[in-house]
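Per-chain residue numbering starts at 1, and chain names A, B, C, D, E and F are given in the order in which the chains are listed.
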Amino acid sequence: MRIEELNWMDVEEYLKHDDRLILVVGACEQHGYLSLLSDVKIPLALADAVSKQIGILVAPPINFGSSPYFLTYPGTLSLRLSTLMDAVEDIIRSAYGQGFKRILVLNGHGGNSGLKARLVELSNLLPELKVQWYAWWMAHSVETIAIQHEIKPSHANWLEAFPFTIVSDLPVGQKTPPQVPSEILDAKTAREVYGDGSFGGKYQVSDTIMQEVFDASLQDILQLLKFD
Amino acid sequence: MRIEELNWMDVEEYLKHDDRLILVVGACEQHGYLSLLSDVKIPLALADAVSKQIGILVAPPINFGSSPYFLTYPGTLSLRLSTLMDAVEDIIRSAYGQGFKRILVLNGHGGNSGLKARLVELSNLLPELKVQWYAWWMAHSVETIAIQHEIKPSHANWLEAFPFTIVSDLPVGQKTPPQVPSEILDAKTAREVYGDGSFGGKYQVSDTIMQEVFDASLQDILQLLKFD
Amino acid sequence: MRIEELNWMDVEEYLKHDDRLILVVGACEQHGYLSLLSDVKIPLALADAVSKQIGILVAPPINFGSSPYFLTYPGTLSLRLSTLMDAVEDIIRSAYGQGFKRILVLNGHGGNSGLKARLVELSNLLPELKVQWYAWWMAHSVETIAIQHEIKPSHANWLEAFPFTIVSDLPVGQKTPPQVPSEILDAKTAREVYGDGSFGGKYQVSDTIMQEVFDASLQDILQLLKFD
Amino acid sequence: MRIEELNWMDVEEYLKHDDRLILVVGACEQHGYLSLLSDVKIPLALADAVSKQIGILVAPPINFGSSPYFLTYPGTLSLRLSTLMDAVEDIIRSAYGQGFKRILVLNGHGGNSGLKARLVELSNLLPELKVQWYAWWMAHSVETIAIQHEIKPSHANWLEAFPFTIVSDLPVGQKTPPQVPSEILDAKTAREVYGDGSFGGKYQVSDTIMQEVFDASLQDILQLLKFD
Amino acid sequence: MRIEELNWMDVEEYLKHDDRLILVVGACEQHGYLSLLSDVKIPLALADAVSKQIGILVAPPINFGSSPYFLTYPGTLSLRLSTLMDAVEDIIRSAYGQGFKRILVLNGHGGNSGLKARLVELSNLLPELKVQWYAWWMAHSVETIAIQHEIKPSHANWLEAFPFTIVSDLPVGQKTPPQVPSEILDAKTAREVYGDGSFGGKYQVSDTIMQEVFDASLQDILQLLKFD
Amino acid sequence: MRIEELNWMDVEEYLKHDDRLILVVGACEQHGYLSLLSDVKIPLALADAVSKQIGILVAPPINFGSSPYFLTYPGTLSLRLSTLMDAVEDIIRSAYGQGFKRILVLNGHGGNSGLKARLVELSNLLPELKVQWYAWWMAHSVETIAIQHEIKPSHANWLEAFPFTIVSDLPVGQKTPPQVPSEILDAKTAREVYGDGSFGGKYQVSDTIMQEVFDASLQDILQLLKFD
């Protein structure tokens, strides 16, 4: 269940028998034809599904991530990485002070990976804190599915085209991945390079494959939540 | 409509005829028997209602605010004010760079009012930016309704008990407002002072009154969105 | 007595029987025809008067506050709110480390109210710290006097026209309060809106009323200094 | 004249024929038997004297400096150097935006010298800004006087014992300068080393010598204010 | 050639015909039996080799990176990621102001990858800046070599055992990679998990293979330096 | 010996019998005809020489300092003072956590002296930390040598012309020190004032004198390392 469905007495009750919390960190950024909030919607859907199974508490999502390279795409709302690190630190310190000692950060966005440095710094400061990190699209399990079906996972292609992230018709067929001149792209160049925003490959695959991906991630998360 | 229901092409289209954006800033903090996310749910409901009427774009909410005094109430997840100011600055700079020049910050939480300083600082730096600020519970229109019905508006009392923020049975009757020793309360003292978290007064009033409050705020917001 | 009249041995002596300190936080900003330092002079005069009565120690004032909206008025010297918060934190930490556990922040300027967030954050960190906050012009007691005399208190009008803040002849009569387009004004717009800088109402009232206001604030402060 | 004696119209008038400003940066820290605010009082007295002669504008002083080594001496209220740098930057940016292009920072405290780095950084950013820095006790002119009279200038000895910084009887005679184990002293060690707080030498010299020192500094400042 | 072998006139001369600079960012952290500065030595050796071939300028290395998880291993000296980001920004701004427009960041350490966010943020701010990023051990070319020889590249194993990083005898044979409980390890847990510091696999391979790795990286860098 | 020649086991061994560390802080800035890295090379040479005698551990140097006034001289790569302070704090905290309690900061650059404030702040926070600071060119011992030989020490003149900092032919004779308009020079003015970058005086003296200077510094450092 999500914190928004509860009052503080409910959370106090929860803390008597559990000290785990899921924190979703996403992004509000261009995803081609998909929802600008795909990077929140996907990990949040996973968190909800997990919560339904084992009753773990889910914090409200951080709806913004580090997406400076996409700022030329309207609707992309990006935090400096330093701001994002501060926000995550503040939230974890809040929860830790109330008794949450094991926190799973469910990340939905590649640009947020610098967060891991702050999470380690914080783990050095807060003695009992245990943090797990899960970036679903980089999981071994998801990669395996992609290989099986011979489809390449990438930003704003089929991989993120879940029923709940599709907000418009998707192009048929696939896009040739563009030539990327550098790992460090300013927002102007990024738009020239990526055009519609997809990094290439198929725009959509069958619902069955998407469910496979979702289920595989779900199992990974259940495993991580054991914190052993 | 909310940004999450759109892709970037939709937002680009929107910007051809409008340059306004609503940004909801809330808090994840104890609200007595009400939802921990009441301070997001209320302004977001207002934003959605306004958007339904005039089609204005609504950014994803900032789900966390400055609530250091409630950190002893489980489920309260607070940002340092400096972090919150940075986050709002980053988001507004992102939007401004894409053509959003008029931004209504729909604030749901009293502890966030320090944000106004940063918004002015930012308005001095970004030449065409126009910012409006609305804190619904402090509006003249809402105060008038409260006076009419002889009910005192306060934190986590009837004023915030909308159908969509109620997550448990509410106590019958009313609470005597506690004696508050200082405007500056540390979280330990705050919990001793406020007990169940409500600041006192009636826990609930009729749906009709709540609708009056909601509608009055709605009219205020529509007025502010004229930016004149 | 003020710290500037003492040496460190005197303060060490003081700490043997008292642990209270008054910290004046003001602003250096336009006040229409009044002194640019009115927001320091008024709370400092109150602090001096209180100190005369009960011997409490008064720290040197922070002569600058958060006034970004008045930066187009020459002589306004403003700190970013984040800088001001850091300064107040540093000063309170300094005093706390020496044994000052109860601190009254005597604020002279509305734009500084974001400081309260930092004061709470600090109270959570420093176990024995007790902080009181007083903004004289917002006090119930002062409001009562204004209502009695049917005069509206506002920025740079009669309310701040004490004998010691008047530095030039004041206009006779009163000013119609201007139409204010938003709570968030950039400095350029603010100057267009406010012209001479007063927010409207009478420019001056009798010395008797001013003394009433001063005395009422004085009593409030004496009460707050009991820290109960 | 000081900004506090003026309103904004006066400053606007001043800016029509002059673009210089004196900013006093001091400290609130132990000075042995002398006033805790000596490091503000001395440069402010110099500023006032200069202003009397040539009518230059004097900003309100920054009453706090970087004095971490003296925090064990009650009454020492210290800013982190980073906070002090931010404060000075904010004040200079405020003034610069209004037309002050030549600013003399009149420093009263040795611990503040790190400020110079920020002043250069700022000078690189603000094209027309010219900044002068004066630390009176390090001036060649003052050193010359000390040598003439065979007295060693040092912290909290005769050098700072002006009529207006003396707040208690001063010891007769002189103090043997203590053995200092390191340039970097934590506050606990500093108090063990310095005892009464003076760095040694004579506690007081004749008023005539003090006047010589004052006058020499005054001439230096007048020279620097030519900004050539 | 390295900046340290030049004076400023030489660099001015260089800028007349080239605007490229290599900046090495490394770490000072445990590398098992290898040098604590391996993450600087390797990219610096590559930079020197490249410079020998095409005469490109090499800045002094940043000798410290983000290694919070290894702080329990003596000799690990780590920067907070935020500090490292600030340092890289300052250095690039310095160079950019002098005419360096194309900068290759030669990264030697996995924990530094959060830097990329700041590099993009900076690229958005500095119009003509082009940045390339190279992390040699993650290069496709190096991976290919590892696969050919059926050896797994990892932290502090053979992959980093170049002649110039070996500072003591290396264990014979190989280490079973430890079970890692989380991607986010505090420093205490990390030491329990990693023991001697190597992440497992062979401790050393033949000089021929190491030369292959080095040469492959060299070719990659030469390619990136074309900035097309 | 330097940390780069060791692995972590070696440092662990060292910590069993010693808790001292030398940290070199320099600058990458114009030195006239001398190496841009002179301010690192000199203190590092001293550290190496000392280490050879008494086996003390030397950390990798911080290759950049605060040199905003020289940013117009190509090859000058400067950190904001705030960044430099953060970097030094992070490094000292890292070392302190591993058992290094006595740290000698060997500074090579005048612009870095603001660092001392942070070192004191840090000493107040870390109970057992003892820090020494040495700026070789300001040492009494070095001044004595200069007086003996009737040569004036200054930036980028003979004083820094060691065999290992000379990277090109030096001008014969000496330079008349330029008229310096202010202690606070922006980079544009600084280049106009200083021309070739030297602050004036002889460009070079005999190797014998340079050795005297080096040896005198060496003795000073050996003395400081006793930490008594």
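By our rule, contacts are C-beta pairs under 8 Å (C-beta built on N, C-alpha and C of every residue); 3 or more make two chains touch, one makes a residue touch a chain.
None of these values were measured; they are calculated from a predicted model.
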Top of the farthest list for chain C, CA-centroid basis, is E
Across the interface between the identical copies chain A and chain E, with over half of residue numbers shared counting as same and under half as different, the residues used are same
Note to self: chain D rotates onto chain E (CA fit) by an angle, in degrees and to the nearest 5, of 120
In terms of CA centroids, furthest away from chain F sits chain B
Cα centroid separation, chain A vs chain F, in Å, comes to 46
Between chain A and chain B, the Cα-mean centres are separated in Å by 26
Cα centroid separation, chain B vs chain F, in Å, comes to 53
Among chain F residues, those touching two or more other chains are 71, 80, 82
Among line, ring, star, complete and other, the chain touch graph is ring
Following the ring of touching chains out of chain A and into chain E yields A, E, F, D, C, B
As the complex stands, chain E meets chain A at residues 66, 68-69, 71, 80-82, 85, 105, 111, 113-121, 123-124, 129-133, 181-187, 224, 227-228
In the complex, chain C touches chain D at residues 3-12, 14-15, 28, 30-37, 40-41, 59-64, 71-80, 82-83, 86-87, 90-91, 94-95, 97-99, 167-168, 196-197
